[in-house]
Amino acid sequence: MVNAVLLGHGMVANHLVVGLERIKKGDIPPYGVPLAKREIGVSIEEINIVASYDVDVNKVGKSAYEIARNVFKDTIPVPETLKDLVISKGVHLKSVEGMPIKTTSIDEEYDTLRDMVEYFIDEWRKHKPDVIVNMLTTEYGKTFDTLDALKAAIDNNEASSFTASQLYAYAAAEYAKRVNPVVFVNVIPVFLANDPAFVSLYESVNSVILGDDGATGATPLTADILEHLAERNRYVKFIVQFNIGGNLDFLALTIPEKNKMKELTKSSIVEDILGYDAPHYIKPTGYLEPLGDKKFVSLHLEYVNFNGLKDELYVNVRINDSPSLAGMVVDLIRLGKVVIQKGYKGTLYPINAFFMKKPGPIDAKSISKINAYSELLSFLGIK
Amino acid sequence: MVNAVLLGHGMVANHLVVGLERIKKGDIPPYGVPLAKREIGVSIEEINIVASYDVDVNKVGKSAYEIARNVFKDTIPVPETLKDLVISKGVHLKSVEGMPIKTTSIDEEYDTLRDMVEYFIDEWRKHKPDVIVNMLTTEYGKTFDTLDALKAAIDNNEASSFTASQLYAYAAAEYAKRVNPVVFVNVIPVFLANDPAFVSLYESVNSVILGDDGATGATPLTADILEHLAERNRYVKFIVQFNIGGNLDFLALTIPEKNKMKELTKSSIVEDILGYDAPHYIKPTGYLEPLGDKKFVSLHLEYVNFNGLKDELYVNVRINDSPSLAGMVVDLIRLGKVVIQKGYKGTLYPINAFFMKKPGPIDAKSISKINAYSELLSFLGIK
Amino acid sequence: MVNAVLLGHGMVANHLVVGLERIKKGDIPPYGVPLAKREIGVSIEEINIVASYDVDVNKVGKSAYEIARNVFKDTIPVPETLKDLVISKGVHLKSVEGMPIKTTSIDEEYDTLRDMVEYFIDEWRKHKPDVIVNMLTTEYGKTFDTLDALKAAIDNNEASSFTASQLYAYAAAEYAKRVNPVVFVNVIPVFLANDPAFVSLYESVNSVILGDDGATGATPLTADILEHLAERNRYVKFIVQFNIGGNLDFLALTIPEKNKMKELTKSSIVEDILGYDAPHYIKPTGYLEPLGDKKFVSLHLEYVNFNGLKDELYVNVRINDSPSLAGMVVDLIRLGKVVIQKGYKGTLYPINAFFMKKPGPIDAKSISKINAYSELLSFLGIK
Amino acid sequence: MVNAVLLGHGMVANHLVVGLERIKKGDIPPYGVPLAKREIGVSIEEINIVASYDVDVNKVGKSAYEIARNVFKDTIPVPETLKDLVISKGVHLKSVEGMPIKTTSIDEEYDTLRDMVEYFIDEWRKHKPDVIVNMLTTEYGKTFDTLDALKAAIDNNEASSFTASQLYAYAAAEYAKRVNPVVFVNVIPVFLANDPAFVSLYESVNSVILGDDGATGATPLTADILEHLAERNRYVKFIVQFNIGGNLDFLALTIPEKNKMKELTKSSIVEDILGYDAPHYIKPTGYLEPLGDKKFVSLHLEYVNFNGLKDELYVNVRINDSPSLAGMVVDLIRLGKVVIQKGYKGTLYPINAFFMKKPGPIDAKSISKINAYSELLSFLGIK
């Protein structure tokens, strides 16, 4: 068994808990779970979601069943077993500031970061998590870079420079130190596995932090297309990639600072894979409500081939962002348990490289996803 | 130095000889040559095109310069050094039957397959080729399967069941036996490296045959996109891939038998990569003259992701087919020399898997191109 | 009230009867019915489907409710009122030969064309149709050109040169002569409104025949895009349009003769609209079952703009063919009643030009659909 | 003969003067000139570009030949006759502020708006323009709404609230009053024909002002596609349109105020044509230098068809913006002469509706371009 805690009960969590139950019941195949057909030591059926935290007043205290029914209506069957998972109150620290969400959070009850940390340690003593998955809405946060700076921020209660993600990650490390090793998985575009401070912190508590920014959407495909061109020594003249969606994540990205974080995690692939910084415009671009969770991506690029001839490529996709990420999280939870059992600590590039858009640690390169997959299999000793 | 002989002086040959000279002169970078930046033991500058054969009455006896000038007009500069390469008369055996081409060939002078074989052996005694590249227009031919059947066909002068490609490949092996080992590279969709008869033949003369069907066009990209989906366990519901072009190759494909050969080499990727035979319509589809050498490909597919959600992908490309293949041939010539020096014989899957659409030997699987590239680098001892 | 008879109870009929009932019940808005918001004299609510004919042994004798339920499953609600419409046995004349359909038809009971005609006249005496809509699967048929030739074929019982569509159209005209004027609407790609013989026939019985080939799919959009370019004097260098679908219509098009009929009705737009025959490849291309009724169309064209500059256009669509045609049929039924009341006879180009791909009469030009719409409104005295 | 003055010697002017000369010399056909094949009373050959104004220090004093050669290099032949057209110094009023351009302008010599107006009147006394075409880079300006407010701004020398476009338009009206009627054609996204103040001004001097924002790019095509859907009563769920280019216009649009003007002129088509405000994201989106003047546009929309079925449309285009607009300007110059001769005054919706994105006057609706073309022909008495 592997116990998992979810942070942020948005669309990804909805798909994760519903999809997981449907797979367990045998109602659907485990499509979208990358390693579903591989023996990695922990099966999908062993995953147990023990708690989920949010700050939306319309979610806290409700069951995962009720929330999912409300979102999916009759389009996706919601298993009744989800009535047992009730959403707990999380920490806010202004993580959804600027969004049209009414919040309730433990910020109302606790004054210091330290107290908040203790609150979650007590929570998790009850739930005994092996893996904690951060799926909050995109936040804007600075990195601490050194463990000392990070600890000082807690000690001095610098709440204004602390994001909810960072607080959760810190609390999880403290829990690991006092109780049991955990794996903290960060699938949103804030820098945790890319912040040396957090990597040191997890190393010091014999635990693992994975991240950052789950590799869904069009960027992983773009990475593999760029690798395809690079391996033929085709010279890419420019790359354009537009994204537009209608979920909360795209709404958040209309707030400039959040957009900036996302752009950083998306653009690094170009130079890393091609070996030169081909001119590119790769951005989260817009919000349009009726697109819902199924975003539209348009990719266009030109390259020079042998004898100076020029080719053009156009890619249009409509993709469901949240379920795609949820499928990845299923594997990340399984892998979390695996790496804890094997005694790893710090962060693990071979896992991050495949599953993340901005794989930590900070100085790691983006590589194509197909190559990352090969390396992942090697790391796991498969094939 | 590596001496190369070309069979079929069409658009691929035009781009090959012109592009090669321009790279040698330093006028253009070696874009489109996959391994250009890798040290493989033979440099691009060492390539020496010593002869080129064709049966088009408008080409035989003319210089590569004259032909290229006529085709490229002022769009691509043609180096004057190409005046020294004069196109020789080749064998026909009905290889361009049904096409709007007036031919002249050695068929007019020789009655038996055996005599034709001897003719080319004499030719090549003069030119001393290391590598012979088959770039004829797509032909329809049966495989011989056993070396005995192949030899019997020559002995019994079964001209009607012999294609020009097969005759050239047989002659090259005979030349190898009597004079020097060669590498025969087949980049068109006839089965040579996929015919056990020819693989045995080359093994028996300590030489190598590579093929079949150079991996250009949209199919290699489709292969990598399918691998991308397979690695995420996304279930592909269907694949549509249309192709239309305006060059001689597409004109040839309007002849049903030639079209069939092409379809065979294109479709095998689906089951090999996905692991199941997703319904697909992947065909060379049409000919439309004004598209010229820059074909249009439209790819559309749907897949099921986590929790049963469905995504859609649309890819449109305009790509120059001939220069793309010419860039690959540059590397195949270099690699030909390398593998001769190392004493390989038969056929070499690690090279075929990356460079060919239907990699020989016959029972070999198609794999994604990005994975094939990794394996190629290992085979070559690079990285 | 307007009484309508349907010929061919396939997907178009399914959508027509279901959509019509849902609109009448106020469950859905009349989207896809071009003139829904216009006062034309007959409302959608007045349409009464009095009979429907087919030769599929799995449909004859079943109710429209049962058939629609079987096809739509739970994706579209099927009103119970459709239990009253039971599918009648039609004429075959090999119209679905070559298709995977087991048939039952009046061909088994009647020996001569004349007898079959009388059979339908008797049928329709019961149903009192105002409008008869031909929605059979695409057939291949020759035109008769003169009324005498047509009549002679009936008199001489030339069953082998008669299609089911032609027999129905002939029977409807006879019914009109003896009982009441009717409008025969042909929305499939056989030539009826484009056959002078049938136009004369309908004129002689004070009735109207409309056709041919309902203007759905991508071709009407292509027509408007070409008009857009023509009005800017942009010179179209080529046009590629691929189509692939998974319904019975696309399966039928894998039979070469049927495909040919379709190509004829699609390609005429190019020269008619542009004023020159731009090179084009516009064909029904392929069948792939999982696409179902939602076909995929890929359009690509290039044109020369001012100062010799070249632009490129790529259009990809996924469109539901059958409901789109069903929406048009709703208006054609209403318009049928309108033109009968006004005493029109023969065929009516202003209606055909907007609603049909190959608008009759035979010498009529295709015009852009937006212009056809303007002319339609004028013809109807609207605006 | 028709004498034309150009304001702003950018890419549009380059294509206009070069394309015009090439057409006059018979070197190229008049592709991209909408009414080229129509007899409208003034031929393309009669157009005489008498002066062109700019504020770029690298253009003022240079010949149109020199500038065009520098831009087009060897890609487009530049006629030597253009050596006679020397670019004059224009007014700045901060119109290119924020752009990487070093300027020289009459602002350095004149202190008041009134003096600047007089300067241009004197200029044009020499050149005797019939038509003055505003092709400056996009500016951000407020409308004056009443003629009194406009005149007061000049009298009070309110230079900070005056754009270069407005000053030119005012000067042209003054010239018209004192010397000869003119037509002022505004093809950039500032409001002139949409400012009642300027329409009144031109009415008062028996002259015509046409505008605003020349209808090139993808928006006119989008308009016709929307009309196509509206005429079938298909319900558009959403529209996404991305634009990215590499010319000065797109660089200007990275300045938020300029972007805003553009968005206003683009979005009005949705509600005007569909009759409801379908959710849309239609924006000038980004700048990427290597795209140059050939922008990339991606359009995606979904609509509901009959019986509730949903279709999807994807359009990708690469289009040369400047020559497209230049071709329109050729006709606008011809039409300018025509309407002066006929004694029109104020603004002319039938011309604006076809040629402009935001057709004046202010309360005018956008209509589809194909319908606008029909109305234009009627207005001109053609067909």
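In order of appearance the chains are A, B, C and D, and numbering begins at 1 in each one.
One rule holds in what follows: a contact is a pair of C-beta atoms (placed from the backbone, for glycine too) under 8 Å apart; a residue touches a chain by one contact, two chains touch by 3 or more.
Keep in mind that this is a model prediction, so the values were computed, not measured.
Taking mean CA positions as centres, which chain lies farthest from subunit C?
Relative to subunit C, the chain whose C-alpha centre sits farthest away is A.
Looking at C-D and A-D, which pair shares more C-beta contacts?
Pair with more contacting C-beta pairs, C-D versus A-D: C-D.
Just the number, please: Cα centre separation of subunit C and subunit D in whole Å.
Distance between chain centres: 44 Å.
Need the CA-centroid distance for the pair subunit A / subunit D, whole Å please.
47
Pull out every residue in subunit A that's touching 2 or more other chains.
Only 312, 314, 316, 318 qualify.
Please output the residues of subunit B touching subunit A within their complex, sorted ascending.
Residues 15, 18-19, 22, 28-37, 76, 220-221, 224-225, 227-228, 231-235, 294, 303-320, 323-324, 326-328, 330, 368-371, 373-374.
Which subunit A residues qualify as touching subunit D in the complex?
Touching subunit D: residues 237-238, 240, 242, 244, 279-281, 283, 285-291, 296, 298, 300, 302, 312, 314, 316, 318 of subunit A.
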